[in-house]
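Provided herewith is a single structure, encoded as structure tokens, for subsequent inquiry.
When the chains are written out, they are named A, B, C and D in that same order, and each has its own residue count from 1.
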């Protein structure tokens, strides 16, 4: 199956927070990953987005960057579980950890560890023209920084941002009641002009 | 202070679910409780809405109906804590438990225990003209039943319904991230025609 | 491109309401349409979901059922615009219009015109085992009917329901402010047991 | 009636944007306006919040600051319509327009015209100890600025922020469907330490 939307409970998780199914679906859809795409998944956590991206980029490759060793272990186990061969877990912190990687068609940012501007600068120089950055923001500050960056780089990027709030209905006896999932902002940025980077 | 919006943590709670501050504020506001109002709070739980209603109806009276004995205890303790004298806890199940009560100006329904139609019929006959019913629906089925009732009693009631979703920002290090509260529907029904009941 | 998420403004629309991009993405993802799938899109409107489904079911076929002749015209024009050959527009009203169609792997319901139970009964008998129904509910009554149906057919179907609320950020001078899109419920039902239908 | 929650359509509006009823209710509740309070309503727009605040502060006074002359006219007309005597419309731009006003117990900020930090600095020095600032943020940038200010003034202020999303059900034939209202963030800040200002 090449379609995103693996159920949350199928991933091996430990205590690492994981992007919920619906957010993963929208993230992957907004990223528009072509079959031969090179994808960076920055702050990959459990690797749930990396796995879904790797299933899309079946003739390409996904680099899952994560600073937490527990996360690196989970990424490898999930890659194995979903039989994904085109996924490499990279232990380290962005932007430094990105320097050795091949240029990318898509960068997904799940976590930026207070280095968002430096990460965006580096992606900016290494993302192919037409390529996309999809940034999942769970904090107001990351969202504001992303907006500020995109506003000051409008010559290079177009962007759109959505906030997504999902409630799941749960059955309780004869009733169904809504259980809220924390909302998230998804920023999608497309590199529309070349910056002369490599 | 006659204003609603007591902080959640000030109420004595136990394990009984409690209406969150913002929902309580909107519920009380939609109920438009006059100083001399008689209020029924049906499915009163911890009594948090009863207490807020009693602070509004300072020359009136609030009857807090609750079938759970633990709730009855909490209602009494909260009434004492907030020094509310015009609040009577009534142990029992609606609609039966409502039969002995004086007619009301406002009925708040927090829980209806699968007897919504019977409860609305009884309120219908005992609510004063111009009076209001405010129904907090956490389930789809209760919302649908309420809409169905109001649609078939349009000669007696006008109604409006809102869905409220609140996210609270939490500070995590240098960041603020949203924590979702489960959404709720609030139906406000006004008796615009007299039904000949007492 | 085989990935869902065509931008709203690329579809030819007229005055017919159209499922917004993010809802379309989630609907298609929840439907898990295999390359050789037969898909019924009931209440197809502009055909935006039909087109996305047809791009997924590239070796299968999509039947777009719509009672509104203006919709039928739009479906055909959108199929042409997106060069989709495996999509047939069927003018008529469900469930009657479904009787002549081949059995399906997936049924998407965007509109049910007050015949939801009859439509679900018919799909029930014509959906292959393991197949999915994805129902977009914009009304409380449709949601309640769907839940009621699924609860009384638990021997045949498993189901899950989410509510999705999307806000889009809009740039206004130096600011970005949220513009709300009306929320929607998405029910996903899987036929887990065979009913002996054809 | 001393209770907030005047229906939106009762205010005289023109083309000036107005805070919706439920947001007004929550804003007024979070502000905890005592009967003798002095209230500044900064960026008062149509005066809908000013009028509700004046009904609370019945022995106090509300100053409605607005730079748009059309707004000033509407504030005066709404004060008259709701027979509010303790409300003064002040034409001008904050923070300058605030300099002449008596110190306040509560400041509500509906619009800050890119001067948020200067306005918060001024309020900071003129707000009584224990007093509250309630800030309605419709933009990400205003929210981020408010959070940044509160984080760097934690010796003076405590704060909480909620996001509120309201959907109103509309009747369409036999159905009720949700119509979304744009979400808003409400920041409530309490001055817990005196800053030596007047």
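In this section, contacts are C-beta pairs under 8 Å (C-beta built on N, C-alpha and C of every residue); 3 or more make two chains touch, one makes a residue touch a chain.
Small disclaimer: the values here were computed from a predicted structure and weren't measured.
Looking at A-C and B-C side by side, the one with more C-beta contacts is A-C.
In summary, the interface at A-B recurs among the listed pairs A-D, C-D or B-D; the equivalent pair, sharing over half of its contacts by residue number, is C-D. Chain geometry summary: the mean Cα position of subunit A and that of subunit C are 27 Å apart. Subunit C and subunit D, compared by their mean Cα positions, are separated by 43 Å.
Centroids built from CA atoms put subunit C at 38 Å from subunit B.
Counting partner chains per residue, subunit C has residues 140-141, 147, 163, 165, 167, 169, 174, 176, 178, 183 touching two or more of them. For subunit D in complex with subunit B, the touching residues are 1-5, 22, 25-26, 29-30, 32-34, 56, 147, 151, 160-169, 171, 174, 176, 178, 185. Across the complex, subunit D meets subunit A through its residues 140-141, 143-144, 147, 163, 165, 183. The part of subunit B that touches subunit A in the complex is made up of residues 114, 138-142, 165, 167, 169, 172, 174-183.
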